[in-house]
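Below are two complexes that have subunit A in common, paired first with subunit B and then with subunit C.
Coming up: the complex of A and B.
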């Protein structure tokens, strides 16, 4: 069985691939339509149908070709772009501007995102209050639904959330794919620990000031979502930081290194998600008996999660986001999705099928709404 | 007080990385005697607190005497913040960072009872960029109490790292903690770099 896998990888026949896609087809149909597709508005119908087909075709090709990251990235990047579009569109409709005012803060009208979660923990524990000025239940991007989604996804996928659920990750993932070869090939390993330093700083500063300091001062994605109105030197400085970090870590460095540098060197939620890799059932395993140490996986890993030492020791680091890029690159099918407790090199197909179903279903359901809205908006704009 | 606490916390880890292994054997000389360890650690921390209180007083009076006009009060400390913050960032990214610890001089102290006090003195007077930043901050505070609070934040932040000193030898993956500490120090430097720039721009606009 293993010999067959080595030569054919994870490819499946047309019939098997269709069979594996069928549950995804049915579940996404139910989620997207509620069981009753509504084609009364032509633009909505076209948007719904296009996204439904896109989601299922990508999943089919994951099975048919045996490639994971190649098709995951398409939906992941489209998700990131469409969610920024949806957020900006919502703000332009509600506020007529991308910036928020002090009044919006006081009225708790700021859309919530998962990057705030690390800062909420200590203040919530000690003061029984939520330090983010957003809506707890109801309204656009409310706090409770995002926290629950993140918690469930992280407990199941671990840092897989960063490659299958995060609606920002697609930005630097997309830019990291622009060049064929990296201009900057080597970066000091020390920088991998930066998200932990950022995490410590933002947790402490948020606990001491009862303010979401990462959102106020650091988050690069303010550049493509909402930001504070520039009315003082301080708010101008903040805007400068957001734009510099977005330009540097989300655009320039990913293009130059072919890596997801914002996720690797800044994101504090990524640091927490890395730790959650320790408790999740899904993992990435290295079959040392199949590995010929070509280290192609090390070169392509977008999060600096693999080193030559990791490959030799047969263990991936906690930074792994289970994106599948290393598996696509491996000519021996030696690196594969696995389940904790199951020895590496065994149940490769079963583990992959199970992981792909769970992670892809999460991404598909989570992303489809905003992609449909964006596509619908674009159709209305064009026609 | 928040920024000084963060500065203390971040630089304290780097301080422990360079000095911890020098101070550890001296503070833990009679490791079998818990009471002695507690007394020595307390003496060490009290000495640091006293030195910082003196520095807070001196820095504040210096600031009152020198930074009289509002523009100077913004621009000069702003420039100092930038210089020391760059030094702090340089410390965190430089491969040739100096690993030597000023506490090494404790080897010359013959009276064992004085060791924790000498360690407290050398540790708090080891003029590093973080201490220069907190001196600048203390000198620009409006009241003496605020200057004390700034130094207290720095003291508490940096002291937290010394409390688990007895466990230092047992902590696994010390290299990882050291790396995170060094990066956090660099981040604290960036925070004060921005603070310095904001001070200067604010001073120019308001001046």
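Coming up: the complex of A and C.
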């Protein structure tokens, strides 16, 4: 059976690539337009059409070239930038400022994001309430929708959420691609366990204080979304921490190391997502019979998810976000997307096609709204 | 066994695909269902607590909420009471508040909306200080710190 199923090479012919793109084309068309494209406003029409074409062209090239990460990263980075733009734009429209005031907290008007989820768990269980001043349902970035999106995505993709669904990951992913070669080549890999320490710390501190402590004190992405109005030494300290962590972990270290250091060393949600890698149907497998141990995959992995020992043992670690960078680097096609239960080295193309369709569909539909809004805003600003 | 594992894995993967295809069209319905779960309500520390009683003045209303002492495993020793003024508010708000409904005024509060200054005069040793005093979209809100009785 193994011989029948064994295939190599992920490139496809033009016709086959178009055929594989067709379902994505139709589904994204339905999701983005509701089946009835509205071109009454020229700017909206252009924005919608551009994003629709961008999404499908990138998917086509994934099949045509056999490369995954190269095209995934484009949409992922654009998603991160546009989501920050959408959040800031919403803030400026609603509050005329990028900061939120005490009144916004009292009126529960703070947009919710998935990074709050780890801190919600214990208080939800013990106090039967959510410790976040947002909207449960309705309005911009409500809690229920974000919980559903994250939960489903994490159950299906595992830590793949961090490379196919997280609207912050694109920031350090983008900065990690700026230099051709890393300046800092070695970082003690024990740091990759740090997110678990942060996770435990924020879960406990949030439970004890009934405050989303990560959001209040640590989150680097406050620098590009919304933050508390600076009115005291405490709020100034928080703003300083946000900016320092954003500068250090999202800009400087990714540029110097070519790694996603915020995702690798800080993000508590990434720690939960990596645990969910154990139950998802999709995984990354190493075909030991094809691997010549060149370890190119180890060098390019942006999340320190691969080590030489992992390659020798034929298993990737739970830190893997299924971004596909290792597969793009592997000259032997030895590392590949797989499905749990299916032996490594078999059904490579089938597993890749299925995983790409599922994960890319999620990213495309999840990101399209904010990218269209951003593009629409830019068009209006220019013309 | 090997074939069974393969089939089970592929079935699980296809199930993921189906879930994703129905996720976005059904997101509103799923979200409404999730929002009805018993723990899906905002903690009173953020909402300010339930309304205890409501006073009506000439042009504005005054909502006095139940004191909030929420803690993780047990109630906290310190908390707050939130008061909301709604409607056409005067430039200078003067009100005496009985937050615990015992018929006796617990504190007097004066808010100067022009210079954003809030003064508190406590008649009850359990009343501490002004925690928050801020204009809101509906008028004005104040949180007064309390010690548990």
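Miscellaneous remarks
Here is the rule we use: the second predicted complex is superposed on the first by the 375 of 383 C-alpha atoms of A that agree within 3 Å, B and C clash if a C-alpha of one lies under 4 Å from a C-alpha of the other, contacts with A are read in each partner's own complex, and residues count from 1 in each chain.
Following the convention adopted for this analysis, contacts are C-beta pairs under 8 Å (C-beta built on N, C-alpha and C of every residue); 3 or more make two chains touch, one makes a residue touch a chain.
Worth saying up front: this structure is predicted, and the values here are computed from it rather than measured.
Taken together through their common subunit A, the two structures put subunit B and subunit C side by side without a clash. Taking the Cα centre of subunit A as vertex, the centres of subunit B and subunit C in the superposed model span 60°, given to the nearest 10.
In the superposition on chain A, A:129 makes contact with subunit C only, not with subunit B.
In the superposition on chain A, A:200 makes contact with subunit B only, not with subunit C. In the superposition on chain A, A:187 makes contact with neither subunit B nor subunit C. Once the two complexes are laid over each other on the shared chain, residue contacts for A:234 go to subunit B alone; subunit C is not touched. Using the contact criterion defined above for the overlaid structures, shared-chain residue A:46 touches neither subunit B nor subunit C, since it reaches no partner. In the superposed model, more residues of subunit A are touched by C than by the other of subunit B and subunit C.
In the superposition on chain A, contact of A:318 is made with neither subunit B nor subunit C. Residue contacts after overlaying the shared chain place A:208 against subunit B and subunit C alike. Look at A:256: by the touch rule set out above, it reaches neither subunit B nor subunit C.
No C-alpha atom of subunit B lies closer than 11 Å to one of subunit C in the superposed arrangement.
Judged by the document's definition of touching, subunit A residues 208 lie at the interface with subunit B and also at the interface with subunit C. On the side of subunit A, the complex with subunit C involves touching residues 1, 27, 31, 101-103, 105-108, 122-134, 136-137, 142-145, 147-149, 152, 155-157, 207-208, 210-211, 280-282, 339-343, 347, 351, 354-355, 357-358, 361-362, 365-366. Put simply, subunit C touches subunit A in their complex at residues 2-3, 5-10, 12-17, 19-21, 23-25, 27-28, 30-32, 34-35, 38-48, 70-73, 82, 132, 134-138, 141, 143.
If you check the complex, the residues on subunit B that touch subunit A are 1-2, 5-6, 9-10, 176, 179-184, 186-188, 191, 194, 197-198, 201-202, 205.
Contacts from subunit A toward subunit B in the complex involve residues 190-191, 193-194, 196-198, 200-201, 204-205, 208-209, 233-234, 237, 241.
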